Amino acid sequence: MDSMISVIRPDGTADPEQDPGLPEEDLLLLYRKMALLRAFDEKAIALQRAGRIGFFVPSAGQEACSVGAGHALRDGDWIFPSYRDHGMALMRGCPLETLLGQIYGNAADPTRGRQMPSHWCDRSIRLVSVSSPVATQLPQAVGAAYAAKLRGEKVASIASFGDGGTSTGEFHAAMNFAGVFETPTVFFCENNQYAISVPVSRQTAASSLAVKAQAYGFRGIRVDGNDVLAVRKVVGDALARARDGKGPTLIEALTYRIGPHSTSDDPTIYRSAEEVAAWREKDPIRRFAAFLSGRGLMDDASIDAAAAEAKEAVRKAVEVVEAAPPVPFESLFEDVYAELPWHLAEARDALLAGKE
Amino acid sequence: MDSMISVIRPDGTADPEQDPGLPEEDLLLLYRKMALLRAFDEKAIALQRAGRIGFFVPSAGQEACSVGAGHALRDGDWIFPSYRDHGMALMRGCPLETLLGQIYGNAADPTRGRQMPSHWCDRSIRLVSVSSPVATQLPQAVGAAYAAKLRGEKVASIASFGDGGTSTGEFHAAMNFAGVFETPTVFFCENNQYAISVPVSRQTAASSLAVKAQAYGFRGIRVDGNDVLAVRKVVGDALARARDGKGPTLIEALTYRIGPHSTSDDPTIYRSAEEVAAWREKDPIRRFAAFLSGRGLMDDASIDAAAAEAKEAVRKAVEVVEAAPPVPFESLFEDVYAELPWHLAEARDALLAGKE
Amino acid sequence: MPQATLLQAIHDALLEGMARDPRVILLGEDVGREGGVFRMTQGLMRRFGQERVIDTPLNEGGIIGMAIGMALNGMRPVVEIEFADFIYPAFDQIVSELAKMRYRSAGQFTAPVVVRTPSGGGIKGGHYHSQSPEAYFVHTSGLTVVMPSTPADAKGLLASAMGGEDPVIFLEPKALYRTVRGEVPEGEHRVPIGEARIARSGDDLTLVAWGAMAPVAEKAAGLAAAEGVSVEVIDPRTLWPLDIGTIVGSVNRTGRAVILHEAPRSCGFGAEVAALIQERCFLHLKAPVYRVAGFDTPFPYALEKSYLPDPRRVLAAVRAAMAF
Amino acid sequence: MPQATLLQAIHDALLEGMARDPRVILLGEDVGREGGVFRMTQGLMRRFGQERVIDTPLNEGGIIGMAIGMALNGMRPVVEIEFADFIYPAFDQIVSELAKMRYRSAGQFTAPVVVRTPSGGGIKGGHYHSQSPEAYFVHTSGLTVVMPSTPADAKGLLASAMGGEDPVIFLEPKALYRTVRGEVPEGEHRVPIGEARIARSGDDLTLVAWGAMAPVAEKAAGLAAAEGVSVEVIDPRTLWPLDIGTIVGSVNRTGRAVILHEAPRSCGFGAEVAALIQERCFLHLKAPVYRVAGFDTPFPYALEKSYLPDPRRVLAAVRAAMAF
């Protein structure tokens, strides 16, 4: 259980035993989405540095995880993401404007500026609202899966979270409930080696995170989280098993966050430059590019073109979103309840009166 | 890890491989304390049925667990018990009057009638105040052990809890912290097959409770919880390892609660008579009596004498405790803070004034 | 109309709700095979199956988290927390998730979960089987907090909660489970959320009390009547959002108010009611708004009777207000 | 006396406390290697070692539970909860264990744990990096709740908390961490728990505010002064047990009171303060006790500025009280 599944071998070819055998267009789609995600993150960080947005949680280095997992999802599946999984949203077709609107928190944000940047949601793809408290979404993913199972629907739920998330009470509750109720749930742990500054070696004394599944009576698998094909394969299999009534799976994807925890973080305090450099070598996008080149599906020119295209798409979306007005003031009081209760109506009216 | 350690074999002799090799006086002490515990429980239930106390949590059937574990403890060790571990208190020398005073909640109760029956404590033996919320004592046991380790003391802490307790967030937190900080903590899980009405098969899908230790990177052991020598051996070894700096252990003791969950419970709703009868056959006291008889240490007469002696000790203690007056009314407001704050002084004075 | 205890009324609301709406699911510790430690859900698992009446592992955060996920996916979960005292392990799921789901997603996701739990003292349960946590939930924006005190209200309010779109913390006064009886409409019966009940009319003083304190208030009103003081007793039934109109209307007429609750006094819900009354009825008040409440101590075992407000303590406050 | 920010003052109290008393241990997420997400504990791990400055796994219940166990066994743990918003997973340990340990054991076991946590808004942190949970803890019998607003008080109150025998919830107004500076006594400095600070003297109205709202109150008092209204500003510093004497003394003199806090208004600590004032100052009050507070919504991101009370909103309440 402490061994790790990979597809793309050091020489850039695929291990035929594990290769998910995706059609070419899907391979290219995976690449384009990873490039888009990287471009999105770079832009968002630049926007934050420029003071145009307040905060951001980047996923650079972990693109293979969210994009690979996102590709394995089907219509009807439920997504309970963490703040670092916008790749899943992109993969499932969430428009760039929705994500960008959220980080601007203006009228372009379908969630009306209610939450900090990186806390998006999209009902149309069943991607549930991201929450800051770590791992609270896990038992919810079990509940959504239970409901689907009860109605006889062949869908699954995926909950994603970090290595730090495995220490929470919610992880324990969710894994245990999923085991007991055999819900179609995939627990997708992106082990990026750190919970802010705390290394995974101080997070748990277990030999791996995947081994924790034994405590709940179901399968745990470790996968190379910088190998998009391996992630696609392992998550795809787990989802298929779930939809087929074969119960939950815990997947530990080994990866690394290349950048800071968030735009508020300074990782140089707790990580060495050598460590970061070593992981940069394993960059999931470059690694996949090498594979695609080897297969004759891409070359330097098309790689550059993909990057440029991604950049341009993000630039355009930023333009649209920046043009949106601020959220209307009255929205402050809405959506607390289904209907506006008297005390919030009073508060709103008093504030409006005071404003004049 | 799913196999189970026993000492007393079906033929009543001890397995020499596992026998803790206790001196005769200790063997007899174990027996007397188990008999005392049984007598105590029977009396307490009778008192509750008679309306002389309000509530009680019996441990009948599980005597080998708390008495065996209690015997393995040494001066200086910390005890974080559940409500079903008065056997540990008896074993460590807590007077019967303290336990009985607590269940009467009168002036004979050193804790001044503050808690429901079966929620005792005794500072002099480092037996921490029992709490109803399941498993909250577990991370506390880790903290106490950490403090001891920091000061270089060769003592350990033991936390006991039930099968249901393994599902709580506190179990997960405590096990994980103990693993990371390598604290001298023994997690002693009395798996009595039920959490009130919920069978352990619906509590977790894991193959055993002991296997859960793998999720935290340390040892998990299963022991026959109706075999006092096996419990003594396994807990003794785990405590010795802990005191020697070799880290925590999870022990799952397989046992059965013969009676109701508490005096408020009707177990016939959720358990079959056959199941109970089968476990009655494995009664830990009778089993140990057979062993002692085989060793020539007891016979029918001394077994009867031990039971009579235990009964008499309990009867005497009841007499003493029943004679105590109610707790003084003002004590209601004390011990909330180290010093009585103005608002509680005011409340007390107002109530006293209103009473006149 | 047939007579029922509070316990039967709640049981009936659950049974009828499940029969009416296949989306309703019950979950909690011991709710299935055993039918709950108070036997509230007795027979429901046999009738509706173990998929819809679920015995869960021992983890309240897991229970409420799972219920939220079910609700997101179209079900109507009704959770039982075995005692209100054991709701705290689920506090994060309630405060961070249940209460905020609608707001943070701007209505894209909602979690209409009903959390039922036996609350309050009166059964000699000590610290951990007696607490009244309503103030924590009133202070948590996004929650509806309900606490009935009569069988008919219990049935009708639970039906409304189960049929509503918002998460509801439904606190059940366990002391009244089997000690009050009353007429309960058969079949579908709803009491609207957010409307108080005038338990007794009066002219001299307004006494606001909920849960197991409502009958205590009525007894105190009886004692006061014997002294010539006419007390109006208001049971808010829905603690939040509060029916402030009914309370203000009453106090503006009587000029005096006493609030009564079991929970510790300081920062209890009584503080909010008192603050609202003095804000809105200032010129009508002939005396301060008094509070009679549990003491600011953990709930004691032996001295439970001294801890819990009784009619005589309430009467003392009524007298003080009248004499002010 | 040297000048320091609130952050430096708290850092100094921790450093000096650790140097003075080997029983003091710090624990929390990221407090060690990183020195905390706000850099509050920077350098302490290097100085005192990783046994006494402990980076914990991500589990707040575990952190506080472990701290309780340390305290039972003679240590003086000071916990950092990374943001007050993440204290809820530890709510059970706080409410069921920390607050009740002394009472339930009749003093045999005590848990003098200090729980420090950055609280309140002002950093554009949205729902989960902005909450002000003080009311939950004031309502929990057995806890002491402290919230300083000046560097000197922060240092002195934290020293008192660390040296005391009771568990303390120590809420730090993160908005003020680096934005207020003030003189802070060097070396051992204690401010007694339970004594309010009169931040500004005045005769016409008493304004009670704590944490990051204390400076807002002072600004509002300045605006009011320009209109000829003399406002006394009281910062309780210790929220519970409250220094009611100072507040009542002031209100009996001014006849008017406004309470100001960030937390949602309903069932907030302001309700308790208002209820106490009207109980004790009834005949002196010339106007209702008004409250200016956060709205009863989850804490918003984009509209944070509209959510948080500002001097103009406070001034409107002051005017209303004066005009009543």
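By written order: A, B, C and D. Residues from 1 in each chain.
The rule is simple: a contact is a pair of C-beta atoms (placed from the backbone, for glycine too) under 8 Å apart; a residue touches a chain by one contact, two chains touch by 3 or more.
All of these numbers come straight from a predicted model, not from anything done at the bench.
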item	value
Of all other chains, the one whose Cα centre sits farthest from subunit D	B
More contacts between chains, A-D or A-C	A-C
Cα-centroid distance, subunit A relative to subunit C, in whole angstrom	40
Separation of mean Cα positions, subunit D and subunit A [Å, integer]	36
Euclidean distance of C-alpha centroids - subunit C vs subunit D, Å	30
CA centroid of subunit A to CA centroid of subunit B, Å	45
Where subunit C touches two or more other chains at once, by residue number	56-57, 59, 61-62, 85, 88-89, 92, 96, 100, 103-104, 127-128, 141-142, 266, 295-298
Junction residues of subunit B, two or more chains touched	112, 114-115, 119, 131, 133, 167-170, 172-173, 176, 180, 202-204, 331, 336, 343
Subunit C-touching residues of subunit A, taken from the complex the two chains share	78, 80, 110-112, 114-115, 119, 121-123, 128-129, 131, 133, 136, 138-148, 150-151, 157, 169-170, 172-174, 176-177, 180-181, 331, 335-338, 341-343
Contacting residues of subunit D [partner subunit B, same complex]	25, 51-52, 54, 56-57, 59, 61-62, 64-75, 77, 89, 92-93, 96-97, 100-110, 141-142, 144, 164-166, 194, 241-242, 244-245
Interfacial residue positions of subunit B with respect to subunit A in the complex	167-173, 176, 179-180, 182, 202-207, 211-212, 214-218
Residues of subunit B touching subunit C in the complex	54-55, 105-106, 109, 112-116, 119, 131-134, 164-165, 167-170, 195-198, 202-204, 264-265, 269-270, 326-327, 329, 331-333, 336, 343-344, 347, 351, 354
Contact footprint of subunit B on subunit C as seen in their complex	29-30, 33-35, 37, 55-59, 61-62, 85-86, 88-89, 124-129, 265-266, 295-298, 300-303, 306-307, 312-313, 316
